[in-house]
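In the part that follows, the structures are each spelled out as structure tokens.
What follows is a pair of complexes built around chain A, which joins chain B in one and chain C in the other.
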Partner chain A sequence: MNASHSGWDWISVLVMSPLFVFIYLPVAVLVLFSFHAGQVPVPPFEGPSLTWYAKVLASDRITSAGFNSIVVGVLSSLVATLLATLAAWGLARHRVPGARAIEALLFLPLAVSYLVIGVGLLVAFSAVGIGKSLMAVGIGHVVLNLPLAFAVVYGQFDRDQARLEQAARDLGATEVQVFLRVTVPLLRPAILAAFLLSLTFSWDEFIVAFLLSGFDPTLPVVIWGMLRTGLNPQTNAAGTLVFLASLAAGIVFEVALLRRRRDARAG
Partner chain B sequence: MREPAELKLDRVSKRYDAVTAVDDVSFDVPPGAYVVLLGPSGSGKTTVLSMLGGFTLPSAGRILIGDEDVTLVPPAKRPTATVFQDYALFPHLGVARNVAFGLSVRGVPKAEIAQRVAAALKLVGLEDFGGRSISAMSGGQRQRIALARALVTEPALLLLDEPLGALDLSLRRQMQEELRHIQRSQGRTFVHVTHDQEEAMAIADLIVIMNRGRIEDIGPPTRVYERPRTCFTANFLGESTVIEGTVVACTDGRIVVDSVCGRVEVSGDRAVGSLVHIALRPEALRIGRCADGDQPLGEMQVEDCIFQGSFQRVAGSNIHGLRLLAKVEPQSRTVGQCVPISARRSGLVLLED
Partner chain C sequence: MNGSLAASGAPVPSAEARGARRDALRGFALALPATLWTIAFFVVPSAAILVWSLFRREGGVLVTDPGFDNYRRFLEQDTFRLALWNSVEVTLIVTVISVILAYPLAYVIATRVSLHRQRTWLMLAVLPFWTSYVVRSYAWLLVLAPDGVVNRFLLATGFATEPVALSFNRGATVLGFVHFFVMLCTLTIYASLARIDPKLRRAAADLGANGLQTFLRVTLPLSMPGVAAGAFLTFVIAIGDYVTPQILGGNTELLMPQVILLQINRRADIPMAAALSMLLMLLVTAAYLALARWLTARRT
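After this line comes the complex of A and B, so read on.
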């Protein structure tokens, strides 16, 4: 029994380690060479040095793009999460004609490629006279993130939650009180998770941002622009900063989900 | 505080497409009574409770609490509060804030809320637990919190949906006593749904026995047990032997029935020639020589003897294959033995068809 177990472990190590190397080596190399002292990010590694970070933070183009990314990310995620929460509440708690069709339409964009959505938005925006702008990128990100945010929040509207809302009504709560005192507090972890998920997707998103941003590009677009002029440790440094921000949001997202599961068990 | 009010159901029905969950149910409950709706699953008892709470709208009929017709009043505006089967406590609020919920949404002043919540927690024996979180409480404690949360709103009618179903047996018996005590001390009307007939007999002032959406019997536990109205009641509430027979004579409110246990005389009034059923509780069946004034029922062959402390449960059958059940004083009996049997006259109950 034990022998076969350790045999399995040995095989898992054999299979999993190349997999992890495959996934994480590029990131590790990116991060390592952001501390490179030389002009070109190729081995051998020289350093460590923070020169390139200093350059990144001194570059108006990069910092303003970072700021643009934050504005677009936060605002589009707020809008996507708000719309998703209201849609989930409406569909889960009210009789809506054609609810199943609406639900399907809300999930459908998940299956459509970003390129198709981006080009579609570009054509549609120029038809109605909205130029390339951060606003256009933001609307695009709402379109991309709404289905995800909806899926996360909608999953929380289960029978247990319906029972608790019923109990609140029984105790004399009005519909507004039920929503504000029971529904929203119980949804809080799911809403936070939906927001953070939207934020990380928006932060990393390139295609739609590339197609729709004009003179105010977002960070991924600027990094792509830097790559066109050749490899440079400054790109590595910018990439590392983008990666760290995503990582932080990812960690908060995990913690929020974990808390939701623990709450569900306790309830 | 709201006065305990009379409850009246007037020809209430609930139909779902093809299924009739509740079929023309009417009953009255006097103020301050402990009512138990008893029945097997699917009997409609939970649907009745749900209509009382306002969660389900009746297809027909009226529900009155006191003088008010509440048939179409939403749950939030009814003078009712419910203890749910799964308690439905708010996991994001602590114990005291759960109990305070009903008062706080009604805009009761903070000082009064604190005072009433403390009193409600004391009533259920949880005065030191107000600051705890719900997840730290045991099943029995959660049950008490749910009770306190409902009682603190001082409902005219407290609805309990299988409130003790999730508790183990000893805790259940203890909670039955406490529920009874709380109900008596507050004089409030309780409507309690259960499928546990022992629980029903232990706590009810009034038992409503339901089966397939209809009321089979309604009355105080002793009456319903001793003189069941229908075959269903005789078998569902406790155990009974049901003797089938044909009426051969009828005089002065007594009928003589020709049955598989011989000629049996029982009080009642039926036409000669009609088929009747007579119920007999195990306590009313006697084994041995027939005493003066008792009704002889022939013989039975003993099939099973179980010693149960103060009495012995004897099961057997007669030559026609009728199964009989007796609870008698313990005595050594052997399986296969044939014994003469008889019944206390008052224990023979003519059932409605």
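After this line comes the complex of A and C, so read on.
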């Protein structure tokens, strides 16, 4: 076990390769057969063809669901990020009695299944007469994403930053000026990361949307409906498009976090 | 600081004490929107589940005098008990396999890859994480279909003479779950492993420990918080997941989430769904308590 820290040894390759095959196999098959020319997405592969992508983009049901998903995702992520940022600022920069209890409360939804959160909202909303709607889904997605966004932003507040804020205050800046001109710029990567994380989770979320969306479904709910038709290259094409959108947000998220780390190291 | 302490007994609060109070109020006001949101849309609905679980549905109407009828039905009916048992079994199997597969992957990345390449390899290892949850299960259906990639491979290589039934059973559900949670556990375990000072491993070696001893007595114990965090997340998410068993498991056996959705969509029996949700929450709490030792150690 002489760990050489640069080269590849055969044990590592032996461990890595089957796991990577396992991890990539379904995605590879999904993407490959989205370009399939035949009716059923199984080997042998025929094509490549863009027929199924054309069908997906021509389907009103899919595109309007995609639009719903974007609206719910952007609005719920904005709300979650805003609430999380304010809470993180309040708890990190002020001495609040019972801060630990508030923190614990904000993190609590992480320990409960999405399904249970969805059932709870379904019961509570129907009890007070709020019907199934995109609004209901959005409210649910804020609940799901608030703890994550809070964790991301809260983790970014540190001592160096507090000193810079104090300096601004000493130079006569008001609280609002301090927040807008010192705190927010320093936190920008973390806020962006929190927003993108929320966005991808909302974009991908199924069960809460399934329970609460009613006649205005989001994209995962529509794709769920498409699965009833069995194996179909159109589902592959839709799935590939959803994957690419998430991947794009994921990459921006990684870059934002990476820059945050570099900034932290440089600062 | 001293000012605020002294002020507590003084009739007129000092300027510093007033400042401290204003500071506390301001912080509280900032945290208030998030707190209220969580109370209104998480705490209250959770309480609603508890209350509704005590109601019951009789002859199509909601009966609101509280009782434990739903819980009694849970204990009496095989469908419900079996679903709970299946869920616990499947989730435990998934958790164990995911951790066992993720550990070597995280270990190789954390110890065998040069520092500046680790992040890239980690990203590559979890890239399919970004596939949509619904689509991911469907993708496995493609792979496991009777004329899918795996069966073609088995037939071509002579491992099988006719297509093997790979989908619509418990094995497919476990496989679909493990695929997702291997990636999740790799992230948490890597985070723990990367935090271990390499000097500790070298010190153990210098003191005469062989590779296995170093691993068992230094690396593994220090990485337990990551293992526990991964295992807990796997347990919470898997036991509440409806999608994977519904798509990949077929109808051979039902898990708790499937039975809960059945109550809501087919039976319109919200009280029973609420009671089953309560039991699900109880299971998650049990899992948390079982792993609490390592989960809380991680925070401090």
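What we mean here is this: the second predicted complex is superposed on the first by the 259 of 267 C-alpha atoms of A that agree within 3 Å, B and C clash if a C-alpha of one lies under 4 Å from a C-alpha of the other, contacts with A are read in each partner's own complex, and residues count from 1 in each chain.
The rule we apply is simple: a residue touches a chain if its C-beta (ideal position, glycine included) is under 8 Å from a C-beta of that chain, and two chains touch if they have at least 3 such contacts.
None of the values given here were measured: they were computed from a predicted structure.
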- Query: Who contacts more of chain A, chain B or chain C?
  - Reply: C
- Message: So in the superposed three-chain picture, is A:Leu180 touching just chain B, just chain C, both, or none of them (first/second/both/neither)?
- Response: neither
- Query: Touching A:Thr200, do we find chain B (first), chain C (second), both, or neither?
  - Reply: second
- Examine A:Ala37 and indicate which partner it touches, taking first as chain B and second as chain C; both and neither are also allowed. neither
- Message: Applying the document's definition of touch, where does A:Ala104 land relative to chain B and chain C: first, second, both, or neither?
- Response: neither
- Is A:Val21 in contact with chain B, with chain C, with both, or with neither (first, second, both, neither)? neither
- Message: With both complexes overlaid on chain A, does A:Gly250 touch chain B (first), chain C (second), both or neither?
- Response: second
- Which holds for A:Ala54: it touches chain B only (first), chain C only (second), both, or neither? neither
- Please write out, lowest number first, the residues of chain A touched by both chain B and chain C across the two complexes. none
- Residues of chain A that touch chain C when the two form their complex: 1, 3-6, 8-9, 11-12, 15-16, 19-20, 22-27, 29-30, 33, 40-43, 83-84, 86-87, 89-91, 93-97, 99, 102, 105-106, 108-109, 111-117, 119-124, 126-127, 139-140, 142-143, 146, 150, 175, 200, 203-207, 211, 219-220, 223-224, 227, 231, 235-236, 238-239, 242-243, 246-247, 249-250, 254, 258
- Task: Using the touch rule from the top, collect the residues of chain A that touch chain B in their complex.
- Result: 163-164, 166-174, 177, 181-182, 185-186, 188, 263, 265-267
- Contacting residues of chain B [partner chain A, same complex]: 53-55, 74-77, 80-82, 84, 86, 88-92, 101-102, 105-106, 133-135, 149-150, 153
- Considering the complex alone, what residue numbers of chain C touch chain A? 20, 23-24, 26-35, 37-39, 41-46, 48-49, 52, 101, 104-105, 107-108, 111-115, 119, 123-136, 138-143, 145, 147-149, 152, 179, 182-183, 201, 210-212, 214, 236-237, 239-243, 247, 257, 260, 264, 270, 273-274, 277, 280-281, 284-285, 288
